[in-house]
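Below is one structure, written out as structure tokens; comments come after it.
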Amino acid sequence: MHVEPKPVSTGNPTFVEAPRCERLEDLEADVAVIGIPYKSPYEVSVPLEALDPAPSALSAPDALRRQSATYAHSLRHYDFDFGGDLFAGRDVRIVDCGNLDLESKSHEEQLEVIARAIRLILGKGAVPIILGGDHGTPSPILRGYEDHGPLCVVQIDAHLDYRDERHGFKHGFSSQMRRAAEMPWVGSMMQIGLRGVGSGRLEEYEAARARGSVMVRAQELHQLGVERILERLPEAPKYYITIDSDGLDPSIAPGVYYPSPGGVNYFEMTDLVKGIAGRGAIAGIDFCEVVPALDVRDLTSIFASRLILNFIGAMAHSGQIDRASASK
Amino acid sequence: MHVEPKPVSTGNPTFVEAPRCERLEDLEADVAVIGIPYKSPYEVSVPLEALDPAPSALSAPDALRRQSATYAHSLRHYDFDFGGDLFAGRDVRIVDCGNLDLESKSHEEQLEVIARAIRLILGKGAVPIILGGDHGTPSPILRGYEDHGPLCVVQIDAHLDYRDERHGFKHGFSSQMRRAAEMPWVGSMMQIGLRGVGSGRLEEYEAARARGSVMVRAQELHQLGVERILERLPEAPKYYITIDSDGLDPSIAPGVYYPSPGGVNYFEMTDLVKGIAGRGAIAGIDFCEVVPALDVRDLTSIFASRLILNFIGAMAHSGQIDRASASK
Amino acid sequence: MHVEPKPVSTGNPTFVEAPRCERLEDLEADVAVIGIPYKSPYEVSVPLEALDPAPSALSAPDALRRQSATYAHSLRHYDFDFGGDLFAGRDVRIVDCGNLDLESKSHEEQLEVIARAIRLILGKGAVPIILGGDHGTPSPILRGYEDHGPLCVVQIDAHLDYRDERHGFKHGFSSQMRRAAEMPWVGSMMQIGLRGVGSGRLEEYEAARARGSVMVRAQELHQLGVERILERLPEAPKYYITIDSDGLDPSIAPGVYYPSPGGVNYFEMTDLVKGIAGRGAIAGIDFCEVVPALDVRDLTSIFASRLILNFIGAMAHSGQIDRASASK
Amino acid sequence: MHVEPKPVSTGNPTFVEAPRCERLEDLEADVAVIGIPYKSPYEVSVPLEALDPAPSALSAPDALRRQSATYAHSLRHYDFDFGGDLFAGRDVRIVDCGNLDLESKSHEEQLEVIARAIRLILGKGAVPIILGGDHGTPSPILRGYEDHGPLCVVQIDAHLDYRDERHGFKHGFSSQMRRAAEMPWVGSMMQIGLRGVGSGRLEEYEAARARGSVMVRAQELHQLGVERILERLPEAPKYYITIDSDGLDPSIAPGVYYPSPGGVNYFEMTDLVKGIAGRGAIAGIDFCEVVPALDVRDLTSIFASRLILNFIGAMAHSGQIDRASASK
Amino acid sequence: MHVEPKPVSTGNPTFVEAPRCERLEDLEADVAVIGIPYKSPYEVSVPLEALDPAPSALSAPDALRRQSATYAHSLRHYDFDFGGDLFAGRDVRIVDCGNLDLESKSHEEQLEVIARAIRLILGKGAVPIILGGDHGTPSPILRGYEDHGPLCVVQIDAHLDYRDERHGFKHGFSSQMRRAAEMPWVGSMMQIGLRGVGSGRLEEYEAARARGSVMVRAQELHQLGVERILERLPEAPKYYITIDSDGLDPSIAPGVYYPSPGGVNYFEMTDLVKGIAGRGAIAGIDFCEVVPALDVRDLTSIFASRLILNFIGAMAHSGQIDRASASK
Amino acid sequence: MHVEPKPVSTGNPTFVEAPRCERLEDLEADVAVIGIPYKSPYEVSVPLEALDPAPSALSAPDALRRQSATYAHSLRHYDFDFGGDLFAGRDVRIVDCGNLDLESKSHEEQLEVIARAIRLILGKGAVPIILGGDHGTPSPILRGYEDHGPLCVVQIDAHLDYRDERHGFKHGFSSQMRRAAEMPWVGSMMQIGLRGVGSGRLEEYEAARARGSVMVRAQELHQLGVERILERLPEAPKYYITIDSDGLDPSIAPGVYYPSPGGVNYFEMTDLVKGIAGRGAIAGIDFCEVVPALDVRDLTSIFASRLILNFIGAMAHSGQIDRASASK
């Protein structure tokens, strides 16, 4: 099976105009950006399916790259959210590995291709930052961490995503947190931003609770603040962060399948990741379920690419990336 | 005069795919959803009137129904905003009564048709949830409550709507709260979300104050929180809640004639209704002045249909609807 | 050189339907609204430059005027944000001076035309309210204040705008605060709303700090509140306020080149100006970098025109404009 | 019953900026432009009814007026389609009578109001040019010609419109030609542009043929040319021309409910009316079923307003309007 | 391998609301409509690939079905293009077989699935009418005719589509006519509508000519007329007609990848198929490369569904479908 | 004064991906494509001026370049409109000289800059193909031909453009043909496509006729055909062709200020230029008044870029460009 991600197509820029990696075997990077345009094999709900063509997250990786160009020439500027250089004066090698080619593969093959690509990146010592498809993407990604645990998985999401299966499929965007919880190398889990009538039933809620998932409602987060919420973060040597864009507030992320008011805002999101990076290593991050065709004035893609830069900044400021910058 | 609401037109779903009621005489429901596409007989202001066709709330009931489909299959899921089943394990019978046919009637006839439809629904013991036209709709609705008082009317709105008349008409969206206050069965009134240069003059403000209206500015609500604001709620056996969508913050309700920043947010709105339901029965709710042609990515319709579900949930959790659920 | 601003073009309304001033020599007003469609002579960044036509702030003055019509007939209504008449019962003479004709002039000529127009307005005793082009506009505006200092310049912006030059040009939207700081009649400076990876480098940050600029991060503003931030306001007899729309939160100002989540919200903005007006005279205000082609449902123009009314209200309530209203 | 058409609303221009007539009693004109926003009381077919709001011809009169502004200042220019002055050097008094107010009336009332307005205009000696709603409009219009026959009615349409009734209603856009044929003062009829699977069945075709209707297929018109088709025109002292925009080719009239390729083109349409004007007086013209919400770049409204000018030109060149022009 | 086409998805109507066929084994029909959303495995050219999501013909079958609803209730009306009943009084059994599910298959599998579905339909004695994907679709379709030749293939297209391979693939939209010509059961070929700078080089033109393809330029068709062009039609017992929508004039088919002015118009297209049906049996028809995301006001889908009805009409009028109509 | 055109901006492709010319002094080409984004200094008429931003032709050169990419890789393919290689087997050196920088110059300077750039190109022996701004562009272009006459200017336009001045300006899009006729090196003139109520009055028509202009109405062209119209072409050694896009039919060129139905179609346009090229040398061509913001699905830009290729092809087939192709 062919697992090599193809480079970003000619017409598109790379993420913040980072250098391209043509073959994962040759990867040398601190942070490896990779697009994984995965689509769970079930339909989105009415009324979205009446749109033509049906909106999807398949084009999200390239949409985020396109908008990230805004920041390409100011990466080393003074950043007020970090009180100085975004990368803390470090030399952060960001490389864009292009998109995994999943188009002509069965779903079982897709899951395997994704896991192998992640394994390759981790084998090269880089932290993967995944520009995701829908929020089924983390399930095969986390398969690739088998030799890189134990992990605490922190999810930002309006929904629990803890269904055992849906329409007979066990790896879609309603089930991936349950799959993650079943992996021996996933030691603990925190789920932040929960609100509203979600995709799960009482049994799924109880299943998550039974496995020790730390669940944080969006309203709690607003009321208590990031610092107090982080006190509940399970201790772990490494954290994997997975973001369903609908965990964010629709005023910063309208381009999602199921916008839910009352979500995580910009400073909460940034402070959460800063706080996690201060408590352990960031093993990887995915940003999923941006749906460009449902976006408003590209805001979701703009803000997602900005948040990803903040995440990289958090890794630099925590000392996880610590190569002295030549350009400083 | 023909007062029978017609069923929802064929091409449209019902609200959360609820069963239809073809004739109000046959209604059996806890909650009766009914569309009342009322339009006050005066023009909206420049620059809106330059749009072609002029935007209106006439199509709002069907727009809300269409977006409510998102939630149709997750009504009994675990809801994080309620800490369990949205309907508290009750069997809530929601029925969709379609839209009142107002198109070929004079305004005086329309007012009468609306009042009679509400009387019919109340006579059947159901709580009306009105998918409104513009915010002139509550005036004839409240006429229908003559035998169902005394009521405290709680209004969520950026504006006072207390003009005695406008362009010679006394029941439009600038006057309906004054009309309500004149009805003997309306015992008290609370107006929440007020802000900005509104439609009323000093005399209207003083008229409202003279009648004992409890006015709450949006900024007060944000600063003091829902709990402290609810301490000012007049005591009453029954509460009627009327929502002008521009009372909400434009980030969750951009699809209105007069968007006003700084409005009521999602959790405030939900907690307000929960709080009211905890203090007395909910006699009815209307959600008015959603203007689909001015909406952004359908957000207003999506969030409005979600809030309506929360209102029904509040009635179930307060015990107002208390039939044990068969499906539980 | 011809410096006379031309009146608003026939097809467009004036700001809140105020009377027009055909020649600045004849101006009699408390508040002189003037459009200055200035464009810095460098390109916006990728991906915006791929749009056709490239979005710009050139049409912003007329867009704001068009949306201000919403408020034209309710200026003397009861205003909940001011607890009474917006203009405090004063007779505020607002006059619309049209737009400066910059189209056929070189940039050096444009800078001179702008400064002279401002001088003319100030000479007539009116407070200029500038409907700006991009945020390079304040640089020539402030030149016109040479005989009207000392000023404290308060900037609302996500960015520092303190570059010495860019692409060889010293008066564009990346440099105007540095230019302002160099003017002898600008005695102090406060910069509010700073956040994210901005346009400046460490050296620019330090240059601003060295000159005593009081910098306030957006997150600080949210956490501490307006009152405590205003304690840091430099004392001055007069304040000039310059607003880059991207200083505001994108949920109220999406129509900007570089939307940055986490910005100043509606009540913060209003309270800031009220607070400043309470501490000294408002010498002038500009509202820049509204980009109509990037706006969402005209929200930025609607809210900008509303905020401008609030600013005028603040001047009336502080007593700066104190002519007793005939219409009261 | 109130039959007075209201003047064009403030925000809108009149047709080619012609003077307004505030009351029909005061009309002095050669050509009286009047908007009749009539809507047949049945729904358009799927898939149009899924659009929100449902597209209609209600705003067509004002859309045509708005686009006619393009021609307002060149009416007396050299016209290549007429080989000289469009109005043949005559002084043509065009007056815009505004729109009939049908909004708050029952359909039976609407039919009566329309007929009476036409009678008033004809009584003043002016030729009515109706900016129509849907193509049910001619039925009540022709009622108003009772004392102004005999007429030959010439219809430009893709469809026969000869149904006896539809959904129980006898005056909608599927029936109006049958209604016309029943009026004693309609002596003959020609139907041009017929094509495709139309709204009529065999029986309706045979009913039209039995009454002597001269039917011309669109393809015949293209193959034989206007001159030869006009040989079939029934002789009559006066001709009334009714246009369903879908009779025109969709490349010039895409903004219709049922676009049908292969329709009448610009020069055919112009030459048809020139030819008819050369054979008898033009008693009136209606231009119906322009649907602005379905239009493409306003082309239908632009071209419709241009064709109407050509029709007036045809009347001037034929000598029907023969007042010597003062401006010549 | 699973070859069963899935039924049309719930939210969508069938073609002209025809009955559905759930399993091809159970098909009983004269005309079997089937959607084949095939996509050639190469990218469309710049500037289309910059669009997000990239436009494609994948949603074309459902777009055509949706627009065909316009005609669903007038199929037996008097048709002016046929001078009577569209189906000549015959009882034409149209059945909609849904869409082939190609999504999770490799291209080689897709080609096989398509051929087998066509074989099944032909085995049931029905004429397939294929709602295509891009214009690579005919290649696998024609494979399915192995036992149903000899065929003359008539192509309507701006381009020759005679490349031996492109990007290593031999069955894409640049090669399918060459593939067809290689099939022993394709005896002759006519290519109509050719114009402009096409996809083929001189060698491909000469290869087509060498195999006896009858090539007709669009301009020839306009100048000589359909009748004289049909004199060049190769004699054959059966004709298969394949339509690339860009063969049609962009004024009736703007929704294509490569719009080319000067194409085949509505009456030419209709008369061509009528003429062919008069000379031999219609063995099948495909309508490909409608690209809904590039369409203008759905015109391409509307007109395509109408033309398909005309094609069925041509088969009925030629006597190919001759079951006496019960409904007559 | 700086007359050097700047190269196409980085983000944009060149015309058919031709090589760039960075300095006109270094130009070596048969055909020099150059963008001249000129805008006449008067407003377009109502209702266009109400659009925001006002549509213009300023971005037309880059819009045409972007769409020309469609043809970049098929230039040497078999072309059915030419019966072989588009360039007749010649080696045509097309070079893209970028856009003239007119933005910061007065109109008088702009006129001079344009004339000098054309003189430079002509001095290098290349044929200029101008991607124009509005149709005032030819006036300064033709100034540059002073030493390259005598010319016959052939205009394709709906309008005569023969006003002596408008709003005091003598070189705008209403006057440029009169300016051309005054140049001693313009010996004769033909104006094709005239129709409708144009911009000129009787006196302008007579002025054009008095100077011997050969005027051809659009309808004449359709009725007589290109061959017979070309019999009226003035004899001349060199022809300059100027195209106002509104001369073309709106079905192929909707993106213009003043769409006029009944215009020149694709084959007429192509055959006209072929015919002219057969009678004398083509001295230059401009394609003006494409207004991208008014375009429909980019059709005008697509077809304009295609027609320009046909024009180059006509020059190659006539033998005007006769360098043997190396690639043949």
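By letter and in written order, the chains are A, B, C, D, E and F; residue numbering begins at 1 in each of them.
Everything that follows uses one rule, which is that a contact is a pair of C-beta atoms (placed from the backbone, for glycine too) under 8 Å apart; a residue touches a chain by one contact, two chains touch by 3 or more.
Since the structure is predicted, the reported quantities are computational estimates derived from the model, not experimental observations.
Q: Can you list every chain that touches chain B and also touches chain E?
A: Common contact partners of chain B and chain E, which must touch each of the two, are A, D.
Q: Work out which of D-F, A-C or A-E repeats the contact pattern of B-D, with more than half of the residue-numbered contact pairs in common.
A: Of the listed options, the interface copy of B-D is A-E.
Q: Farthest from chain E by Cα centre, which chain is it? Let me know.
A: Here the answer is chain C, farthest from chain E.
Q: Counting only Cα atoms for the centres, state how far chain C is from chain F in Å.
A: Centre-to-centre distance between chain C and chain F: 43 Å.
Q: Measuring from the mean C-alpha position of chain B to the mean C-alpha position of chain F, what distance in angstrom results?
A: Roughly 60 Å separates the two chain centres.
Q: Find the geometric centre of each of chain B and chain C from their Cα atoms only, then give the gap between the two centres in Å, rounded to an integer.
A: About 38 Å, centre to centre.
Q: Can you tell me which residues of chain D touch two or more of the remaining chains?
A: 46, 50, 66, 251, 296
Q: Which of the chains touch, listed as pairs?
A: Chain pairs that touch: A-B, A-C, A-E, B-C, B-D, C-F, D-E, D-F, E-F.
Q: Okay, in this complex, where on chain F does chain D touch?
A: Against chain D, chain F makes touches at 45-48, 160, 194-202, 204-205, 215, 217-219, 222, 249-251, 254-255, 258-262, 294-296.
Q: What residues on chain A touch chain C, complex-wise?
A: Touching chain C: residues 13, 66-67, 69-81, 84-86, 251-252, 265-267, 296-297, 299, 302-303, 306, 309 of chain A.
Q: Which residues of chain D touch chain B once you look at their complex with the stated criterion?
A: Against chain B, the touching part of chain D is residues 9, 11, 41, 43, 46, 49-50, 52-54, 56, 58-59, 62-63, 66, 104-107, 292-293.
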